[in-house]
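In the two complexes below, subunit A is the common chain; its partner is subunit B in one and subunit C in the other.
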Partner chain A sequence: MPAPAGVPRQHNADSSQGNRSAMSVKARASELEILETAEISAGEARAVPSAPFEAGGPRRSLPSLATHALGLLQSHGPSFTVSLGALLAGLVLWHLATLYKFNFYIDFENTPSPVQVGKSFLGHLSTQDFYIHIGVSMQRIVTGYLLAAGLGITVGVAMARSRIARAAIYPYIEVLRPIPAVAWIPLAILMWPTEESSIIYITFLGALFPVVLNTLHGVEQTPEVLVRAARSLGATRLQILWHVILPAALPSIAAGLAIGMGVSWFSLLAGEIISGQYGIGYFTWNAYSLINYPDIVVGMLIIGGLGTLSTYAVRLFMRPFLGWQRRAR
Partner chain B sequence: MNVQVVSLETRSKAKRFGGKSGGRGHIQIKGVTVRFGHGADAHQAVRETSLDIPPGQFVCLLGPSGCGKSTLLNSIAGYIMPSTGSIQVDGEAVKEPGPERGMVFQQYSLFPWKTIRDNIAFGPKVAGRGYAECSSIANTFLEMVGLTRFADKYPTELSGGMQQRVGIARALANYPSVLLMDEPFGALDAQTRLMMQENLLKIWSEFGTTVVFVTHDVDEAIFLADRVLVMSASPGSIIADLAVPLPRPRVLDMATSPDFMEIKKECLEQIRSESLKAFEEQDR
Partner chain C sequence: MKYRSLLLGLGLALTVSVPAYAKTIDIAIGHQSMCTDTYMAGIVVKELELLEKHLPTGGDYADVTYNISWSDYTSGGPITNQMLANKLNIGVMGDYPLIVNGAKFQETESLRTLYVAGTGYNLKGSGNAVVVPVASDIYSFDDLKGKAVSTPVGSAAWGMLLKALQDSDIGVEQVSLKNQSPAVGAANIAAGKIDAHADFCPWSELMEFRGTGRKIYDGSEAGVPYLHGVVVREDFAKEYPEVVTAFVKAIIDAGAWIKADPMKAVEQMEKWTGVEKEVLYIYFSKGGHLTLDPTIKDEWVEALKFDHTVLAHEQAIPPLDFEAWITEDFVKAAYAEMGHDYAADKASLVDPVAANSGLPNEIWHARDGISTFGTLPEFLKAVAELEATGAKLNATYVYDKETGLKLFGKTAFFVHTPDGGYETFLRKPEADAYAAEAGGEVIDMAAAVATFAPTE
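This part shows the complex of A and B:
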């Protein structure tokens, strides 16, 4: 595997946020593949280095240990080293650009340097407000996301299994899906009783569509022969749903949940920037208003980190349910 | 692949659950026609077919692809409702698929997210049997098809032949009175196929359920069946009903014996003359 596992995942999450509206079924399917390949490459990367240790036994001379360490680097290291090097190079470039106040079309004159950002970040670690911002954002994500996951899977299954449900719901999905989270903000504020509920609503909406569409797609992909087999084995409609259709759709649902988590953050930030008094999005925007430039970047990086972590958490959560898929390869 | 010899224990269990058919599995097909589509697009897949299959008989439906043999099988299974006529199994009209009519498909019909054991136990489980009973049934049938070692594997980790053995075990785990098989060995290589045929006959000799086996392979049909029903395309009807008087148990050597060849020759001649008749009728 040439690329580290993180790279295709990142790309995947970004593209789903970027042009959500243009996502066709095909695009989602290919995204699913990317997700899967990412998972495999991660699995392989882990599997390779562990092998030499198991083979050798516990006692080992120093030179042989060094050889094994080298072997480890060779099998697993290059891609990791390259990633680390690329990150460092980016930091250095950023630093140089701010140091020499690079200004050619893009202006680095007022851009904070990595050192300033680092200092600011360390400073925040000891303030309580910083954790409140993060905690409030996480709470909104969890609430909105769980609601979206529950309703999304239910609606997706209903649409795939009932022609009437599909005909009734599909127009809503098609019309509402391309509307970006930011465009919802004014109406959400008017509609919902509290600011908090309107932000959660926007978060919920962001995660909802990827989950619905991926569930729908997954259920439709259920091989008909498996449903037929279950019927001839005596399964009722409900048993078929539970034992056949949901498991068959699960890989696609898992992909939808992971994509939904990314979009959910994307939407939350939009909501927090415009309204609210806490949250990491508010923190970022507030830093701009207060001309506290390093904090803008601190906020951005926190958002990126939390988004990645929570998407990873979703994958980790889904992993035990998809064990059969990895066994199959 | 080694052909598993059915153990004595399995044999006694099979008997206890009504082995040797026990008079179950009587299929009666009366004037069945199956039409697909409407108006000008209407297409008759099965035309005016009547059949009586006594309990415990091994019947092969032989014919070229598209002759309606799978359609007829699916009607017995309950997936397709005949446009006219009736199908009864043990005096009960077939309305929908059910566990008393086990179905084995051509391929890829195991649940890939369930282990081999759970695939086999699926029928008993959805019937509401307890965990202990399910796992004892699963063990019985795992042993019967010789896959005990693979109980905790997933279907895709098994070869095609093994997967089909699981498919057969899964259908039998409901102790059906009829076993319906839709070209179950069609996707297997020639060697595996021969082994599977012998294996199937062994299992059947213990269970004695009625078997309706769809195939387009003349050798397979003669080797397996008590009775070969030849179907022809376009009218979608049975053009010949041949008895296979080969003794049982049948072993692979028989497939090259003079007796077998004689029957095959007869069979092919009859298929030829009946096909010609059918064509002439069509032209008229």
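This part shows the complex of A and C:
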């Protein structure tokens, strides 16, 4: 059973605020308890994923798998139904607004209807190009995102653990962070050797800052008493980093990774203005230059859908590493 | 019951419209300050306040105040988007975006636009061009086979490129066609990241002037007229036809102002748009790429119909009823009220090959302005002498022997023949051919000037 009221695990990704409360929840937990779990978690999280979803999945027999699925449906069913219903309601409202040409402050007179969008979506499904657009974009996201995650976590930890690194890097982060992806286009073209690298750079930038800042935040929130306790038990600096600091910072890092994934998707459109040939951002942009509204909406929805899926994938990936957290509470 | 009241609410929302008598008339115009051919109906009208001069003030308009707003865009697409949203009444754009505009409006149930006037044209299609990075070893269009070529899809330059590819042996499949907006394409050319970029005026000449790009193909080789025009929302034109006529009058005035003193005009335009005056001069001067003419010629309708077939084939653009879309009413009314001869202007067609033959070469001295030279030796001698005194030359202009196009001296290929004569060419292949035939040699302008350098 997934933990109920999983404040940090389920919802923290959407704001560092949620994450902060997660940390305070953890901080409030008895120090002794944390000390134990922190000790175990680092080794265990990697070796034996403790999340029930992963644990023993393949070993289950078919009937028990069915009961498991039924259980999942029972626990998730209501909220799933509500979500599905809300989406359908939105679709119906959209349809009605375009059908009756709703025009009261907001004008639906010439907006494409869901049927038009669906038709053009189906039309695209049968073309090869459409899959190339999606594939190329996914590739860019994965490359840019992995680079950002790797560098972001490293830089974040360095900044949190070293005063000098922090003083040197922080100004860069703060100055570069507010610059919108579109503004980077001309320089990205000039600076990077290939078109592809310019686009990946822009996607990378989008994901980088949330990861860095959340890592920094997470590491900073590591209770100093744990570090001192570990040190008094004779742990080396590296051991402390690996067994105490990183596990403690993981919830925050996971949140940063999830936010970063979302941001990298909306940087992608800016990046793909350069591409001029493939990519779902380019597809949307191209539709705009020819005033093809249904295609614009198809592109928007694809970006939204892929963004949701990939953020979910990030959370799923992070789950085993956060196993200690559930037991800590 | 609920459903009915919802319907009622929607119905009410739809029927509430602008009161019949309005004290203020909003005129919202979308123009493109980075597209030279739209200037006569765009930046010039705006900055000289020519529309204000012609707006009706009597009769039904006696108590009216006008609220004119200008919005600047980098391409026609966003203007059409804004017009569909009724945030712009009037839009100025090039031929392909015009087609998209007309067709997209006709696709809606009730909204329409009208094509009310042209701004200017080039009969053979100059203004669009294919440019390669200046250091590239590509010299002719045929070299583009297997290369990556970018262009703003949906623009006039894109249409020209498709036509050129179809006309050549290359074919559309044998180049990798990319969609890049002008600014992105120009940056890629400057950085040498794309093999070639096809764009509309003034981008090609801008790249040449800034020394980042070199033209390998001029739109004139495709042979389809290149034109720009003005579209107006039909509901606006029906409600305020006099305002639309006033706008066409402003276009005529703007054209006259440019023709009266091109050098002064381009200096002003540089201040307004940031495009270098030397680049603008290549369009707006006598012998320039652009013929200022708001009339709607039968040839234009034919060209637009051709453009539509290209768009329909490549981008599934909906059909367009040209009869309903194009109207000469407003431009005729403007001509009549200003006492000009519409039929005469409509009948005239300027072909640069004929019109520019024998036009003098020009030197633009930074301080003394423009001086003209009838022959190339005179021109080269003058450049040599000026350079010897250390004078700063803004630009020099010569003409392509092949097409009659105006060129920057520094980008032209000079052919020096044994009899001491000179000819200038836009492209290397033609220059080479001429040199081979006349037994001369192909040199650049610096080498041509060097032979005239004062000896002392």
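Keep in mind that, in the parts below, the second predicted complex is superposed on the first by the 239 of 329 C-alpha atoms of A that agree within 3 Å, B and C clash if a C-alpha of one lies under 4 Å from a C-alpha of the other, contacts with A are read in each partner's own complex, and residues count from 1 in each chain.
Operating definition for what follows: a residue touches a chain if its C-beta (ideal position, glycine included) is under 8 Å from a C-beta of that chain, and two chains touch if they have at least 3 such contacts.
All figures in this text were calculated on a predicted structure; none of them were measured in a lab.
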First, second, both or neither for A:236, with subunit B first and subunit C second: first
Which of subunit B and subunit C A:170 touches, first, second, both or neither: neither
Partner chain(s) touched by A:194 [first = subunit B, second = subunit C, both, neither]: second
Partner chain in contact with A:286 - subunit B first, subunit C second, else both or neither: second
Which superposed partner A:223 touches (first subunit B, second subunit C, both, neither): first
Contacts of A:317 with subunit B and subunit C, given as first, second, both or neither: neither
Parts of subunit A lying in touch with subunit B, wherever the complex brings them together: 223, 225-226, 228-236, 239, 243-244, 247-248, 250, 324-325, 327-328
Touching residues on subunit A, where the partner in the complex is subunit C: 100-104, 107, 109-110, 185-186, 189-190, 194-195, 273-277, 282, 285-286, 288-292
Residues of subunit C touching subunit A in the complex: 7, 10, 13-14, 75, 77-78, 80-81, 84-86, 100, 104, 108, 111, 150, 152-154, 176-181, 183-184, 187-188, 190-191, 193, 315, 317
Residue ranges of subunit B touching subunit A (in the complex, touch as defined): 77-79, 96-99, 101-103, 105, 108-114, 122-123, 126-127, 153-154, 156-157, 170-171, 174
